[in-house]
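Each of the next two complexes has chain A plus one more chain, namely chain B in the first and chain C in the second.
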Partner chain A sequence: MDTQWPRFEVFEQARPGQPHRNAGAVHAPDAEMALQNARDVFVRRPDCASLWVAPEAAIYSRTAEELTAGEAEAGDEHGPTQMYQVFQKQSQRQAETFVNHLGSVEASSPEAALRQAAEQWGKGAWVWWIVPESAITRSTEAEAASMFAPALNKPYRQPNYYHVQTQMRAVRAHDPDEDEA
Partner chain B sequence: METTDEARQEAFERRIARGEKIEPGDWMPDAYRKQLIRIISQHAHSEIVGMLPEGAWITRAPNLRQKLVLLAKVQDEAGHGQYLYHAAETLGATREEMIEALLTGKAKYSSVFNYPSLAWADMGIIGWLVDGAAILNQSMLARCSYGPYSRAMVRICMEEGFHKKQGQEMVIRYARGTPGQTAMVQDALNRWWWPALMMFGPHDSESSNSAALIRWKIKTRTNDELRQEFVNELVPDLHALGLSVPDPALRYNAETSNWITGEIDWDEFWRVVRGGGPCNKERLAARQQAHDDGQWVREALAAYAARTDAGRSTA
Partner chain C sequence: MIAPPHPALAPQLLALADDELILGHRDSEWCGHAPILEEDIAFANLAQDELGHAALWYRLVEQLSQARPDHLVFFRQAKHYRCAQLVTLPKGDWAYAMLRQFLFDAAEAVRLPGLAASRYAPLAETAAKIQTEEIYHLRHTRAWVRRLGLGTEESHRRMQAALDALWPYALQLFVPLTDEAALTAAGLVPAAAAMQQEWEALAGATLHDAGLVIPAGAEAVAQDRREIGPHLPGLLDEMQAVARLEGPEVGW
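Up next is the complex of A and B:
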């Protein structure tokens, strides 16, 4: 029996007003469960205000290397349009973040959406993700309290809850001979 | 446009040299992919099996604060296992293959979890030493050349800061506590010191994978370098607390400013890696049972998904 479940990419927003950014992935049989799993896996700390999930299969992803090496992918230019959300990895700096949300475009295919996004936000991205708006499931305002507030009440999960440096200084001040090195 | 594997390999090595991160979708040599799947899945298994020695003490925590802290820590390890399985999946490994490899003994996990946690003070020593050693290794891996692994490590290191500190806080308290508490924490240190040093792996000269891992910037420091930093950081603190390190050969080298330990018992190391440790069988049996006990959940989710799919298509 296949127990793997489809993979959903997870986007988290640290604080209202900041862009959603990819946090990682979860597996789930549907988007609603994916949102619940995303909350359990990624929100054990009080730095999440909103979560989005989208099935990996719906995401059009291209790295700079793929775009340089591949033939230009035409995609449908003339069909009916839909909204795509655009995400981009902007730098090689070590960071927790992968692709950040930039905004949305209207296009008739993901390829066309990527061309439009490159014109609008510049071509210098390391990775592009183009996600159809219809594939995204978002946490709602009504759910926010039950999803994100519990992490606020668990200060013992934060390193600054413990004062071991101060305690070690006190130990050493009390008994300086013990400190050999 | 024809690109040979040789040209691709050269371009890849140049990207590594420039310090760029390799992302899913980018070309990579097969050996790079295989090494990463091996170490990321082992790392994931270590997080999951790592819940067991501490999980055993949740119901026996001496007060509510300690219980909340321990619960939160074990829950973190479960989450960290998830981050890492997902990172390995971006390389083409499936969750089922990885869990199968763990349950059949094909895949390894950190040997330190094959030792038993015999007393409450073990929770303090495990947090300070075992998580402390893991953080040193993981801070290095946070700079690794594969994007998804590197990001999982950054997140894990941020969360694990509290694991180490809550352990150290407990050790400080018991080291300055009643004679019974002092004896309990010293005994825990005696049992976990050597397994913690073994966590960094074999000597560089014996480590068959080290050279390739360093060339591709999966690792940027060697096992022995990390182990030395760990010992140098811990020994003065342990001494300041009046605890003794269970190594009669331990000495300070003033020229190099290094604490030099006696030789690790490598026979024991390999025996435990190969399945002969005190808890290897128990740990795998616990994972197998968790897998079997979760069967009904997987089936219920499948039934739910099938029903909602059917509901949608007829709607």
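Up next is the complex of A and C:
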């Protein structure tokens, strides 16, 4: 039996107005715990204004390769429309390794949402993620103060707080064993 | 040194600091041992937060009494600590650790707004700062208490056993310290009896939701914080070992 909890992808917004970008994933039994785990795993260091989580199972993901190789996937054309959030990774270049939020579309299926997204934002993307709005759980503004603000007052969580190199140099300077070596 | 607004204030703040320090230390014993990686990180965060809160309270104690925080933490004997016995108890199983943290967080949720209204401004400011973070702690531990209480037969059984064991210890958090009534009368700290009532309602609601029953007729395990219980000396032996080996003059 698989006892692992489901995976949730985590999207972090560093400052208000910036796009949410994928920070990684957490395991959690449900969305509320996923949001809390996301906070604890990814917001130990400052600069977070908002978090979103979405179950990996709900994310429709296609790479550029898959889109060119495979036939266009039809999807349900007659179902009721709903809102999808669109995320995109621009390329494989190291500076562009994040899956960023672009905006939302209304569509009757994730496949239709992806076609719409490609028209709107161009086909140059390396990876697309299409996430139903209904699958996303967000931190609220009211929660932000207790979830994110305290991290700003914790310089001791930053590695540069400890001046380890300076102290090691001082120790070495006085260590006779070090002189012999 | 600041002229203390009341001679009993420094000992009162020392008790708050000791509670946070020792609970933070006990929580830190879960680092690397929690049931799932994400929660291991979350609980270690929480432990570090409690140590951070302790540091803030020790700093206030220092301003009032000139006792240095490092000395208070690393060179004080167990018999001079003033923490409640709740925080000294060995870490137990996951249900026990989570429930203890929840009961403590609920107590903080009740105490901190009162302290934030203290007439002693440095105390009020510190309480307001800690309060923000404790809102998150309570949210996190409350979510766990619900899920463990309503989870499986085994998780429920362990939670109820933890509650039966911990409740009398948690009640000690609201036993007034010597001269606490005078501090309350001076508008420096909130009234203990009212806080206890509010805490029982707050914690009780979550426990009830989680299908757990508060043991009836329980009384606080001790009336005086000078009774430290059997577990603190061993904890301090470990926590203070390195500092005592190097002596108080070594810089960190």
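FYI, the second predicted complex is superposed on the first by the 152 of 181 C-alpha atoms of A that agree within 3 Å, B and C clash if a C-alpha of one lies under 4 Å from a C-alpha of the other, contacts with A are read in each partner's own complex, and residues count from 1 in each chain.
To be clear about the criterion, a residue touches a chain if its C-beta (ideal position, glycine included) is under 8 Å from a C-beta of that chain, and two chains touch if they have at least 3 such contacts.
Remember, predicted model here, so these are calculated numbers, not experimental data.
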According to the stated criteria, A:R62 is in contact with first (chain B), second (chain C), both, or neither; which is it? first
Regarding the shared-chain residue A:A149, is it in contact with chain B (first), chain C (second), both, or neither? second
In the superposed arrangement, does A:V164 touch chain B (first), chain C (second), both or neither? first
Could you tell me if A:Q36 is touching chain B, chain C, both of them or neither one (first, second, both, neither)? second
If you stack the two complexes on chain A, which partner ends up touching A:W5: first (chain B), second (chain C), both, or neither? both
Can A:V26 be said to touch chain B (first), chain C (second), both, or neither? both
Quick one: is A:P16 in contact with chain B, with chain C, with both, or with neither? Answer first, second, both or neither. neither
Chain A residues where the chain B and chain C footprints coincide 5, 26-27, 29, 33, 40-41, 44, 154, 156-157
Hey, which residues of chain A end up touching chain B in the complex? 1-5, 7, 23-27, 29-30, 33, 40-42, 44-45, 61-63, 65-66, 69, 89, 92, 94-98, 126-127, 154, 156-159, 161-164, 167-168, 171-172, 175, 178-181
Give the list of chain A residues in touch with chain C in this complex. 5, 26-29, 32-33, 36-37, 39-41, 44, 145-147, 149-150, 153-154, 156-157
Quick one: which bits of chain C touch chain A in the complex? Just the residue numbers, please. 36-39, 41-42, 45, 48-49, 52, 129, 132-133, 135-136, 139-140, 143, 147
Quick check: in the complex, which residue numbers of chain B touch chain A? 1, 3, 19-21, 23-27, 65, 68-69, 72, 75-76, 79, 82-83, 86-87, 89, 94-96, 142-143, 147-148, 150-152, 154-155, 158-159, 161-162, 165-166, 168-169, 172, 176, 232, 235-237, 239-242, 252, 257, 259, 298-299, 301-302, 304-305, 308
